[in-house]
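In this document, chain identifiers A, B, C, D and E correspond to the written order of the chains, with residue numbering beginning at 1 in each.
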Amino acid sequence: MHRTTRASAGPSEAASNAAHLSQPTATPRLPPAAHRTERTASATADGAGPASATPPLVHCAGVSCTLDGHPVLADLDLDVAAGERIAVIGASGCGKSTLLRLLAGLLTPDSGTLAVAGRTAARDRTGACALTPQGDSLLPWLDLTDNVAVPLRNRGMRHRAARARVQALLADWGLAEAAGRRPAALSGGQRQRAALLRALVADKPVLLADEPLGALDAITRADAQDWLRRRLRETATAMVLVTHDVDEALVLADRVLLLAGRPAAVRLVESGWLADPRPRDELVGDPALADARARLLAALRADRGADPTATGGVVTTGRERVA
Amino acid sequence: MHRTTRASAGPSEAASNAAHLSQPTATPRLPPAAHRTERTASATADGAGPASATPPLVHCAGVSCTLDGHPVLADLDLDVAAGERIAVIGASGCGKSTLLRLLAGLLTPDSGTLAVAGRTAARDRTGACALTPQGDSLLPWLDLTDNVAVPLRNRGMRHRAARARVQALLADWGLAEAAGRRPAALSGGQRQRAALLRALVADKPVLLADEPLGALDAITRADAQDWLRRRLRETATAMVLVTHDVDEALVLADRVLLLAGRPAAVRLVESGWLADPRPRDELVGDPALADARARLLAALRADRGADPTATGGVVTTGRERVA
Amino acid sequence: MTPRHGRAVAAHVLPPTAAVLVVLAAWWAVTAWTPLPAYLLPSPGAVITALVENWRTVLWPATAVTGAETLFGLGVGVIAAFLIALVVHTVTPLRRAIEPLLVATQTVPVAVLAPLLTIALGYGIAPKVVVVALLTFFPVTVSLLAGMEGVDPAVIATMRTLWARPAAILWRVRLPAALPQAFAGLRIAVTFAPVSAVFGEYAGASEGLGYHMIQAIPRLRTDVVLAEVVILTAMTALLYLLVAWLEHVACPWRPRGR
Amino acid sequence: MTPRHGRAVAAHVLPPTAAVLVVLAAWWAVTAWTPLPAYLLPSPGAVITALVENWRTVLWPATAVTGAETLFGLGVGVIAAFLIALVVHTVTPLRRAIEPLLVATQTVPVAVLAPLLTIALGYGIAPKVVVVALLTFFPVTVSLLAGMEGVDPAVIATMRTLWARPAAILWRVRLPAALPQAFAGLRIAVTFAPVSAVFGEYAGASEGLGYHMIQAIPRLRTDVVLAEVVILTAMTALLYLLVAWLEHVACPWRPRGR
Amino acid sequence: TQGAVDTDQTSRSVDVLLDWTPNPDHLALYTAQAAGYYDEAGVDVTFTTPSGTADAAKMVSLGQTDLAVSYEPDTLIAESEGLDVVSVAALVPRSITSLMTWSGSGISGPEDLAGHTVGTSGLASQETTVDWIARQHGVDPDTISYVNLSQGLNQPLIDHQVDATFGAYPNIEGVELAEHGDFPSFTATEMGVPDYAELVVIAQRSRLDDDADYAQRVRDFLAATARGQQDAENDPQTAVAALREPTAGAYTDEQLRTMVERTVPLTVNDRGFGRQDTADWATYANWMRDNGLLEQDVDGASGHTNDLLPEV
């Protein structure tokens, strides 16, 4: 389905932009007010999306997950429409990466329904998703180019063709010079970009990105965000982005979910500020976005404050012993 | 030397803070104007430091470093006084981690002088520094507590004593619950905190931290910054912090250096906004800080724009091919 | 036992049992349906009979002797492997110097070594222990060294800034990191160990499985020989399982299976 | 040759040369200063003389035969190891089923196997090739499997979302990741290979180093026996160096040494 | 001598390295042991199986074992190599090494050896001997191919993998073979090779001279062994019973009985137990030297002594 949309890739930037201006994607236009929700399935569904009959591309209902006896996620609901961009924020250790691994079919939930593209089997979910893991998971014996080209090789493309295919992408991302180095000879940010590009090259309906830009400097990161926004729109790829940068979440995503509680579930959904494709500067100045940011940070703080045993808490008062 | 200072750790937060208010550390008070510098040794030395006769704790002069035939750093000058906090920012792949590895004596420069605590031999530098690497480098067979306690064990402390010693620290950093898990069962942010605490526990005159807080959510990160600021002041530990978050650099450091150019050197030094110990909120509102931030970002952008082959560049116009 | 546990046990026990049964069946079929004479390949039944008949008188005492040689030899071999790996790793020039000598120890056939060993140590258990140790230390040494050298240099570098002297790097980083690979070497070593003891006994003995085998082989008592091989296999399987279990216990952080 | 290069070569060549010279000197001293008879330990000079005198007539043809057996056997063994590891890794129940059988192959002494082998394959090179293959495939299999199973599960999981089917995981992830460990197994295997060929020859042969050794031992021609051991050692060292070089070429991403 | 037993038990031990695994060739030894003659003689005897035929001379020459069972050819080779050994008794005082073949192999005598494969136990002397026999019977030795079979001479013969073997004994291997068909056999002497003592007991020559106690123990051992030999000759069933335990797992009762019956006549020595004939030794040593089996000229007479044997 997203495949046909993707076929339009290739026209010049302007043409592509114009096309999107006149043909808005399936992403719903919601009123610019943010939705503060208590954790309820209905509220999530409300924020989740398409009022239309098309089933969501990603569907979670009442998903719980326990790792090694520790309940990490409980009764989590989440719907993502085709082509929709979702950002997930939450305290460190709250279960964001676990959620991505569940969606990608790399974990199975203890209970609840989990479907991607209508399929519930773990391997089908894996088939529909591309993952940028938190650690880059590059293959140490391949150079940067080969690492990025891995999905193409996996689909049967010849080595030289695959390398040639990713060349331009690497240049766009400032990786031309480092293209022939192996991961051990790459900087952290270079490795991270390689991992993201590798997932993009996989060309799947759903991109699951776990802090894909965290190791980039501010300028590179902003440019990467712009590039990514544009690319995802062009290819109508849905994305679930985990990020610790609330602004990045707000700039890149149609909806921002806050994962909170122990075990965690979606506690707050913010959306609707993004008249896609708005220029970045206009976006950043939008008071709706500032409101959303404030609400998200307040909720994040509340989550950590509310539960003293919560992970991620740094007690700022009291004596610390020098170890 | 820093050891005696550290012996004062233990008093309550308020007392400790008060002590620092009345006894400012050795950190120099520079005029609140930022120093925009062209790369010159004199300019760097100017920003670098103590006008007093005490030699700098960390001293680089004309340091160049080539990795595998690629010149990464050239003619770099940097001085860090005892107890001073330095932040290094720069485009992804410009050589920040390389700089830390040089300082830590894990690499030897091709040319130039490099000394820590007056010693130039690589092993002496290693002895004076503690490193939080960009990847966490935790030991997969040890649980979080044992990983953090590694420096104590290395200094001969018994296993139980070492574990007990780091307990409180882990609790402060919200790691109490995860304390018994091995790295594979930790979240990215938990691993990162463990790596930073491990370096702090090593209790060295110089802390070299390569993006130590990049995988933490906004609230945890802010708290961690506050904790770190306080702790470094209390223990008079010098820090060279690599970060991509300009605000973090400005909040945590006495001086912020911009590494730029190919090969890279220190191109801009910002300092003097920090009437230590100012409350965080006051700091964030400071227009001097906003100015510094603007200058740093502009310089970062200029660095990337100036050199089209520079690493870290993302070309925002032009056609991208779908791989 | 929970049903899940039961299923896990079944998954571990059924396939090897089935495989052994299939082999036994094939063996039986070959002996039953082909004119292969019994001195070449006796039927499984004949071997079991030989095993039972000779157990108390000959095989059990022989098993005890060969078992003791195997265990002592393995112990000496593993300790030697460990010490050699440590020394050779620590002193790099020594490594380059000693490595060819280590390889050379493996190239002297037992038949050449045996007279020298018996001259030095007599015909008792000692030369067999030496033969077992000599044949088992090498896989462990090679694997341990390879594991110690495969550690991510970034981890080593970081540890060096955290007060880790070379000794700490060795004990706290390289050795634990090398454990999984060392265990692979140990698996190889224990698999060779009982046969090495038998070889050692070929080289002059008055008891043990190898001694009896060498008597039975030219006498075409293949049923007895195979009964001894069955004992040897059981001994090896036991050691192998023991090592697998030790590995499981010693390396809990490792990914398991596929 | 640059001075740096020269120094690197020296660092690699000097220590082993020194070690070999030290061993030779010690050997020579023992033979010169103790009353150890020549039939037990001839002097290095006597061995070299035996080597030179018998080279053209006996030793060179024997070396060629044993060398061929070794190389063929190794080739078969490594290919078998590779195939077995692949199959056994791919089909988990098969693994559990086959593993004990693989271990069992190592517990059957060559002397027991030899008659069956010669009946099936005659007295030519074939049974020796089988013996070498049988004794060398196991270390490679075990190491390869251990390496394939030691891969970070996070990498596998990520790869699965990047269109990697099980075959791609195997070929593009597990096998390259296992290469260093497989090479450790191969080192062990090549070290055993020439001696295995000699063993194979003990069990029925009319040429080769093992054949001549077994003749020279009862004639108390220890000088000739040791000359044969020297050849065997040189052969093994050559193979070992070859594997080290192959590893160097095949795994350029690995940390080197300490 | 009785007193010596009481005062020093350990020094009265006699370690004997066998030529091979225990078999009916050793009937004198095991019969003496089973009957308690060694105990009566005050010697504590232990038998050990060696790693190979070369062990005997080496271990005796170095004093690692007190005595060893070896072969006359090997003893002569050891002497020519300068080893410190001497044969003190003949256990099997005649040559019994045989060429064995299967009926249908096309070999009905040494004259048919041309173009056939002969298995040996891997001794150079065996190939040389067969070559010599072939030449004596007008066969070009170069047409014979040899295979070293180490221990297992019989199985390849039964399976027709070789046409003949050289090195097996008719009283041992011959009995085993008989169960598998018809296997004609020819002893070396039948084919013209000078006679020699198949199995001898060797001792350390210099120590016999220097160490009176050692010489005495050897005497006591040989005297007791002579009694064992006598018992076996008188009633082979005594030897069968004595050999049952040491050969457990190797021979069935039936095989053992037949073998002992065939062996006893071969061990009978008309000159008295263990006696060796100097002329025979010299002749055989000359034959070996002529065929390149001895490095130096060895006087066969010096290779043995009858001085330690009991009086007849």
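As a working rule, a residue touches a chain if its C-beta (ideal position, glycine included) is under 8 Å from a C-beta of that chain, and two chains touch if they have at least 3 such contacts.
Just so we're on the same page, UniProt names per chain: A, B = ABC transporter ATP-binding protein; C, D = ABC transporter permease.
Model, not experiment: these values are computed from the prediction.
The chains that touch chain B as well as chain D (ABC transporter permease) are A, C.
Contact with chain C (ABC transporter permease) and chain E alike is made by D. Averaged C-alpha coordinates put the centre of chain B at 85 Å from the centre of chain E. Our note on geometry: chain A versus chain D (ABC transporter permease), Cα centroid distance of 51 Å, whole angstroms.
Centroids built from CA atoms put chain E at 38 Å from chain D (ABC transporter permease). Counting partner chains per residue, chain B shows two or more touched chains at residues 135.
In chain C (ABC transporter permease), the residues that reach two or more other chains under the touch definition are 40, 111, 115, 119, 152, 202, 214, 217.
Touching of two or more other chains is recorded for residues 52, 54, 58, 62, 151-152, 155, 159 of chain E. Pairs of chains in mutual contact: A-B, A-D, B-C, C-D, C-E, D-E. Here chain E touches chain D (ABC transporter permease) in the complex through residues 52-54, 57-58, 61-62, 74, 77-78, 81-83, 117, 119, 122-125, 145-152, 155-156, 159, 161, going by the rule given at the top. The touching residues of chain B, counted against chain A in their complex, run 6, 9-13, 67-68, 89-94, 96-97, 134-135, 148, 152, 165-166, 168-169, 171-178, 181, 185-190, 193, 197, 200-201, 203, 210-211, 214-221, 223-224, 226-227, 231, 234-235, 244-246, 297, 300-301, 304, 309-323. By the touch rule above, chain E contacts chain C (ABC transporter permease) in their complex via residues 17, 21-22, 46-52, 54-55, 58-59, 62, 64, 151-155, 158-159, 173, 176, 180, 247-251.
Residues 37-40, 111, 114-115, 118-119, 122-123, 201-206, 211, 214-220 of chain D (ABC transporter permease) touch chain E in their complex. The residues of chain D (ABC transporter permease) lying in touch with chain C (ABC transporter permease) in their complex are 11-12, 14-16, 18-20, 23, 40-41, 89, 92-101, 103-104, 106-109, 111-112, 115-116, 119, 138-139, 142-143, 146-147, 149-153, 180-181, 183-185, 187-188, 191-192, 194-195, 198-199, 202, 210, 213-214, 217, 225-226, 229, 232-233, 235-237, 240, 254-258.
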